[in-house]
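Shared between the two complexes below is chain A, which pairs with chain B and chain C, respectively.
Take a look at the complex of A and B:
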């Protein structure tokens, strides 16, 4: 079972128990323990400085002074063990104010950030975009992802899937906001590289200029390494360039972001095949000390059906898309059938249409809901007129004299096979049919081409045909050789390759600096916390999700122009401010409980906080019942919900959203600031205080008491002795 | 496919797959969501991407996961 308590929190609890138990009779041992506990508490609260950890190390040594009692030494050994095993977590708390296990309440990455394979600090950059600080937003993104513009257009956006705003209406359109900020920063010439470290004289070779290779090259260059990227294609980008069509990702976007990486001194050798044009031995002789392999997965699986090898117009989707990307714009046929259900199949179909195919059909052996392709891509394909034939198993490609006439298929049904809980497509006997076609494109998946890799003789491969790595460091079984991207995961996503490249860069640096590798992959970290964007509850609730303007369908059927035209500036700022700032509010629900159960008011209708069973959320409803007592704010560890007084008003704010506000009132006698009238009534009901003088006057508690006493003295008979 | 995007899962046991690494033992008992169920061909053997509470996003073998909720 996993040890889920944060080691920083565990240290605090352990020391607190030791101190409270009375077992620590030695004054020196007690002093050391108290000092370490204080330092550990500061680390837990995100208040520690860079010297905290070394200070704890020194204090632990002090436990072992000559003739130190055994209980001191026991504590010293225990603490040293925790620190040795979890040093990275302590460092992460100190450097990033990040407690991934949420034990240290104030410091938790948001769900969107945790879902991002590159761990981008999303709430921070959304906060910056909402304020129009696009270049700063790009700076934040590039700490974890050197290609924000590319990802802003084609990321599979797991972050949006986890977006908490979806529990209220729809997720924040994180992906396109990133694209807008990158484009604007680039246009304003404000898209800048960070300062790189001084050159350290060490050389690294990166094999493959895809997202993984580019990512590793970027971070290594920033660390001061001399990086050379070997690429067999004539262009950078790998699958981003030759696998993703231009109507989704214009070439200029890749070129501009790669140019930023070249600006750091990274050299790209195009049209250079590793193992042929340049060899491992030669590179080693040139002084390359580490190698990073990011060769992708470019080989297509065979369909394994009759006719596949007989007709020239049976085309592999990856080759077709690559040829088109490199300028060979030839229509594959008038009636095209694409076999497969992933994004590559959709891309091949939409590309065929743009090249002039009259009819394009996607044949997929399972149902619509089981297609691995993105739902938006599927919908856009349908809008453009692509036909889908679901539950269709291809049997044979038929034709005459090298010319295809059709794809012989059989209808399938999904059946749960014995011993499996998966629904498998099973052919229905006699339900054969032919889809008319003169070209068939196969898009049933790719695998890693290992040509040229044999030179890495100590590098192991998995049974899936991918490079075996330790995922914590992306180090292969051959020392000094690292790998990431599709070559490791099999065909996956751009953002995953970027995350892997970044992780590999950090590990290469550790390898060359003789620092031990981490035990497990790094957990996403927050870089900073932006102040939340202030707005009324009504506005926060009624901000409508931005609608993406699209290219006309006629153009989409005929040209490779970008389909999604991007938001205008007003929509971007509005969309970014829909973010609920889950980096500040971790949705523990304590505010709701206090208000409802302890105060009996139940003013907070924040159903989105319940993760498993979200109910209705309405920020506007708070003002109907809230008495501005501040109990919620007083119990919020993260200061996500606060009471603020400014410009003569008292406001209750949740991550910048003003849930309730009232004019501040003052005592008529002494001019002291008064709580809200509702709160004073609430207290009066609870305490039953004499109110005669206060019924028509606004008075603070002190003045109420004073005046109440006078009234009582003057109105009651005095007993005379 | 057994798992779909958005499915809530639990890492309930150690996988026998070669892709299971020692640090993944720490994940047993954790909950999370499927963020990329299968990149290509609905293969029950493929590694799928999950976002686990508190530890971020990882690719894991499917035999270590069990479904605990649909989106």
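Take a look at the complex of A and C:
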């Protein structure tokens, strides 16, 4: 998709070439072409409605009127071909108002939104949060993600990875702003469910109450379906509840957001195992027409080393975390070794510490930089006193009787292996050592537990033991059965499961309405475009990234209280207004190029716009050189950079940031608005016409000419012979 | 000055503005920019009678055009072979410097594309041996386009006619 020219843009360019070429000598053909081009342009600009495509279809038919010239028919055939092949892209442009190829410049999406697996309209809700409109922000987020509060605390934030602000200083702290808005809206009783459609009488069964299941249930309920969620655990949330420890995600957050889903009429059956307590057959008989499987990946991989099965104190991290989450607060041992390098390993280690373990070591076979765990998590673990043993391959769990005494390990070195882009740890012979331990927690990954899934007999599984789906629609190979979340991806993230659940909900609706499934993956929707938040260049530059206040380390080593305490309101508003609004400015760099190369002024220091080779950015530098000529604004396709005249001020603004501001001067003679003094100097320097007599006065061009002419007449009378 | 001259026979012009329309339609321009314009002067009472005059204002294609020297991008140019002042729109960035610099208001702002439009005597047509668009539709035939030396002839002949009233001649 991204590497090819967008078919919508292609249509516009093709038609404009045809019209300009003069080959269209037939007036009717020319008229049809101009009308189609107009419609296609509107689609490319996000100004199209749902009727645009059918209007284009019927216009294309008009090309083939009796005795229509051959060039008309050629265009008709060509356009029909483009439309048949890429119909989804046209529909997607109309519906999502995003063009991922960036060819339709006005629909170029923001990188954060494209990075989000659930496709949240991030710039819009940041704009709302900056203005203190938290409930509206939550409403926008929940169109793509029903759990903004949960994600605001624990999301792996792929959006921040792509944040353009990072090229100036640090990414906008997108993740937490959501949590603040959700908490504030919840507290203000302004966190509301959207209006749901009238009940359509169809029933859907969701297996698993994790993020994928909850997400699908939410969107299906909104569409008017009756949804029942089957959950084997006594609590909602799946891995969010039993995998993520409470010091990262308090239970109340999950409970409150799940309560919002229940309010929509979704039924949750807890302590109910699919295939045991309820069967596929029985559910089908009850009238459930579609099934959504989001059972997660809860089974731990074995370490495959000696001693693993002999000692009771060799614990699987997922089981350990689940027991703790369900209330069994028992310390695993005094000296705990956790094997693994992912977030689960860190969670298990930090949980052990909070339960009273004296020493906790994480043994990982690669080095720090290769750890899949979040860097913040690793840092927080270190602050709490957890030790790391890198390049450590566990060899054997040693002990006496039933008691572990240590973990026998080998030192490893990292070697580049052919055909792999990840460095492989290779044991160094003879470099054995023992880490003292009385408990060993294995956290080397999970897989999907397929127990009870055999009833879905036509459903295929991948080689990795996950459910095979079409990723555009989340359909399994069995009609009427859909799947998402870790059960499809293997252990992954909450936000991916939420995105998958949402996609599945849409496909289930299409399946039950007999509409064919999409052929291409859904593109995130630009719900609206908020006006950018206005502020001075100095403020935009100097807004310091918010610092997360943390619980004291002593508390963190002893209790399950939330570690990240959250920003105060002022920091939240400030942080949200650091956003550069990449949904409006697509960073094509044309303004910079024109100002520097064409005008020779070089007032725009916007190095962040260059993706490959970012140079320095300083919004404040513009006012030093800018002559307010407006060439940048005239060439900005998206109206991201604009010149505005209001309240006696002339301002150059880039997405709300005031790059330059001047008092407007008026003509002394006729009171007309004058361009800036720097601009007039720029012109007179170029033309070399020092308007001597009038240069001391503020005059518009017309008055200058008029007065100049009078002066000429009086000082240079016509020579009469 | 360019080697061409666009002569308006003011006596014949009735102010129908057909030239403006033809110009804009030939250049496919939106509302706003008028590369050529007919300016109405009057009506004024002269000797007890209302008089009105219509002055055709295209670009004068100055000998030393300020728009060309003002243009920072080199978009505004003077064609060396015949002196036509024209704009290369691919180079124009819409700074409007030429608009401010021109004493005659010849460069026109096209808000649709954010660039400047201007009379270039329809040089693409001239190169094909055709006349500028405005000249082709002049209802009274008052617009004439040609080389400067040919155009002076019209005035000369008219003046000669006016002064030599044959009926009242004393010769």
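What we mean here is this: the second predicted complex is superposed on the first by the 690 of 721 C-alpha atoms of A that agree within 3 Å, B and C clash if a C-alpha of one lies under 4 Å from a C-alpha of the other, contacts with A are read in each partner's own complex, and residues count from 1 in each chain.
Please note the rule applied: a contact is a pair of C-beta atoms (placed from the backbone, for glycine too) under 8 Å apart; a residue touches a chain by one contact, two chains touch by 3 or more.
Everything numeric here is computed off the predicted structure, so don't read it as measured data.
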Quiz prompt | Fit or clash between chain C and chain B when superposed on chain A | solution = fit
Exercise. Name the contact category of A:600: first (chain B only), second (chain C only), both, or neither.
Key: second
Practice problem: Give one of first, second, both or neither to describe whether A:138 is in contact with chain B, with chain C, with both, or with none. | Solution: neither
Exercise. Applying the touch criterion given at the start, work out whether A:675 contacts chain B, chain C, both or neither, answering first, second, both or neither.
Key: second
Quiz item: What is the angle, as a multiple of 10 degrees, that the CA centres of chain B and chain C span when seen from the CA centre of chain A?
Solution: 100
Exercise. For A:366, select first, second, both or neither according to whether it touches chain B, chain C, the two together, or no partner.
Key: first
Exercise. Determine, under the contact definition given at the top, whether A:631 touches first (chain B), second (chain C), both, or neither.
Key: second
Practice problem: May I ask you to decide whether A:462 touches chain B, chain C, both, or neither, giving the answer as first, second, both or neither? | Solution: first
Exercise. Based on the superposed arrangement, let me know which partner A:114 touches: chain B (first), chain C (second), both, or neither?
Key: first
Exercise. Scan A:489 for contacts with chain B and chain C and give back first, second, both or neither.
Key: first
Quiz item: Is A:100 contacted by the first partner chain B, the second partner chain C, both or neither?
Solution: first
Quiz item: Is the number of chain A residues in contact higher for chain B or for chain C?
Solution: B
Exercise. Pick out the closest CA atoms of chain B and chain C after fitting on chain A and give their distance in Å.
Key: 26
Practice problem: Over in the complex, which chain A residues touch chain C? Could you list them? | Solution: 594, 598-600, 629-631, 634-635, 675, 679-680, 682-683, 686-689, 701, 705
Quiz item: Given the complex with chain B, which residues does chain A contribute to the contact?
Solution: 1-4, 100-102, 111, 114-117, 119, 156, 158, 161-162, 341-342, 366, 369-370, 372, 420-422, 444-446, 462-464, 470-472, 489-493, 496, 499, 519-521, 523-524, 612
Self-check item: Sites on chain B touched by chain A in the complex
Solution: 1-2, 4-6, 18-19, 21, 23, 25-30, 33, 35-42, 44-47, 49, 51, 53-59, 69
Self-check item: Touch list for chain C against partner chain A, complex
Solution: 66, 69-73, 91, 93-97, 100-101, 103, 114-115
